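Consider the two complexes below, in which chain A is the common component and chain B and chain C are the respective partners.
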Partner chain A sequence: MKVIVKCFSQVRYHLGKDELVFHLEEGVTTSDLEEKVREQAGDLLEGVSLRVAVNQKYTPEAVELKDGDEVALIPPVQGG
Partner chain B sequence: MIKTEIVSGKIEPFPSEDSHHNDGAELVFNGRVRSTENGETIRGLFYEHYEGMAEEELQSLAAGTAEKFPISDIFCRHRIGEIPVGESAIHVSIWSEHRAEGLEAMAWFISELKKRVPIWKWAVLENGTKIPSECRHELPTEK
Partner chain C sequence: MENDSMIISPQELQKWLDEGKSFRVVDIRPREQHELDPIVSLDATIVAEEDLDFSTIDDNPVVIVCQYGLSTERFIRENGAENVVSLLGGAQAWNEFESSKADLSRYARQMVLPQVGVKGQKALAAAQVTIVGMGGLGCPVSQYLAAAGVGTLRLIDGDVVELSNIPRQPLYSSDDVGRSKVEAAVERISSLNPVIKVEMKNVFLTSENRDDLLSSADVIVDATDSLAVRRVLDEYASDHSVPLVYAGLYRFEGQVSVFNYNGGPRYADLFPEQSATGDSCADTGVLGMLPGIIGNIQALETVKIILGLEPNLSGKLLLYDGLNHSMDIIELD
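And now, the complex of A and B:
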């Protein structure tokens, strides 16, 4: 299944990309995906807390991903 | 009434009107860009947002504020893109019958916005380099 990860702020800066595309096996969760993204960043996202949104909604608990999901790993927000 | 917007140009303030006859308090907050970020001189801030989700969260937050506090109206405009030093990044206007609930609502709204609305700021250095605000002291100045 195909999942898109949208990158913002520190995630975008460290990975150098606006979005990442993952081809994953069934059963992969948001938590697994976060781990994969952190691996890609080496130690650059160490200490950066990330919240997860799936299809533009925060998901406080890890959830199983589905084909076509849009995931955002959200660093601390800074509006205002 | 609740009205929220994310805009890309200079913020036009909500009008200050004389027609709110039941509201004794009109509170206005403008969050402006300072000339320094983490101790460094900047030419401005660049705000990015998660399009779609940021608008939804902002509207939901304003609606939640109007439910939590006895206020009549809450209006908010947040600007994105590059904002020069001195200009407003956010403009909020709240109307309430008495000042106490309006002041409380304003403080809560701004504080919650900084926790949940997916908007981020990048420092724009004098040479035009943009870096995420939180990373200022961890990264090289050129990238």
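And now, the complex of A and C:
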């Protein structure tokens, strides 16, 4: 199944991409996907907490992904 | 300088009234002129100039008023008594100031909107908004809320203006470098809209002083650059059920939300744990337009809350990216 990750703030900056496309096995959850993204970033996202939204809806608990899902990874930002 | 302290401007006198300060007003014009052109909304005693006697004056200041402020200034120069001040521009200037206060033509363009109208404009005039942080976000927020006629603005920041602030904080001028931000801001904002009340708090907000600083706010605007202060604001807003208009920046991106609105989610619902992410604008860099855009969205949400205009960003997180000009709205509920 195909899942799109929308990158925000530090994720976007460190991976240099607005979006990532993943082809995943059935049964993969949002937290598995978050791990995959963190792996791609090396240690650059270490210590950055990420919030996850699936199809524009905030999902505080890990959920199983479906084909065509769009997952947003959102860090807290501080600048003002 | 000594003479300056013996002259009071209509704006300063209005501040005395707002603060409930005790003072007396003495009109030295002839009674006929006083009756023809009374001093609007001030309770004045009429005393002819030759009968003025300040030898028995108490601690409360006396404001002396003539038609144009010239006779009273001369009187003070010649007979300078302590605690006696001359009203700058006299009855003429005061009455003009009073009528400009009531002059809603300033807001004509926004009042044409059915969502604003006279009722909405009055709601704005009656509102108090507290802005925490007078940096990149606080500057546009305060300017646009003042311009829109929000009746009372309280500005909180203990910082001074630095040269590197000005590209994203153009409320300040290069001459303000080294000055207190709130002091410079109050000056600009009061001249932008002299009929609103602007309070300055030249301190940093902490969990110790938060109750004093945030009291009586109808809406709190989070324009800080500190996650720690943001959590203090979130806690206060949640304890006191005050809407909190949040924004944060990262390079070309901004986040905006309205927390604690009518029982809606709070910041801690979205970011519960202390995060190690501590990137400030100084660390990551920022172009001044970004806080300009995001601060204006915050100001817009603030006005919508005061007007009761829905939907607003309660229960939603807006994510703006200035490189692609994309906006994403995440549902939080």
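Convention: the second predicted complex is superposed on the first by the 76 of 80 C-alpha atoms of A that agree within 3 Å, B and C clash if a C-alpha of one lies under 4 Å from a C-alpha of the other, contacts with A are read in each partner's own complex, and residues count from 1 in each chain.
FYI, a contact is a pair of C-beta atoms (placed from the backbone, for glycine too) under 8 Å apart; a residue touches a chain by one contact, two chains touch by 3 or more.
From a predicted model like this one, the values you see are computed outputs, not experimental measurements.
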Original post:
Regarding the shared-chain residue A:13, is it in contact with chain B (first), chain C (second), both, or neither?
Top reply: both
**OP:** Check whether A:49 is in contact with chain B, with chain C, with both or with neither, and answer first, second, both or neither.
**Re:** second
**OP:** State whether A:74 touches chain B only (first), chain C only (second), both chains, or neither.
**Re:** both
Original post:
Residues of chain A touched: more by chain B or chain C?
Top reply: C
Original post:
So which positions on chain A get touched by both chain B and chain C?
Top reply: 6, 8-10, 13, 48, 53, 56-58, 72, 74-80
**OP:** Would you mind writing out the residues of chain C in touch with chain A in their complex?
**Re:** 133, 135-138, 222-227, 247-251, 253-255, 270-271, 273, 275-281, 284, 286, 291, 317, 319, 321, 324, 328-332
Original post:
What does chain A use to touch chain B in their complex?
Top reply: 6, 8-10, 13, 48, 53, 56-58, 72, 74-80
Original post:
Which bits of chain B are touching chain A when the two form their complex?
Top reply: 31, 47-50, 52-54, 56, 78, 89-90, 110, 113-122, 131-135, 139, 143
Subject >> Footprint of chain C on chain A - complex, ascending >> reply: 6, 8-10, 12-13, 18, 47-49, 51, 53, 56-58, 72, 74-80
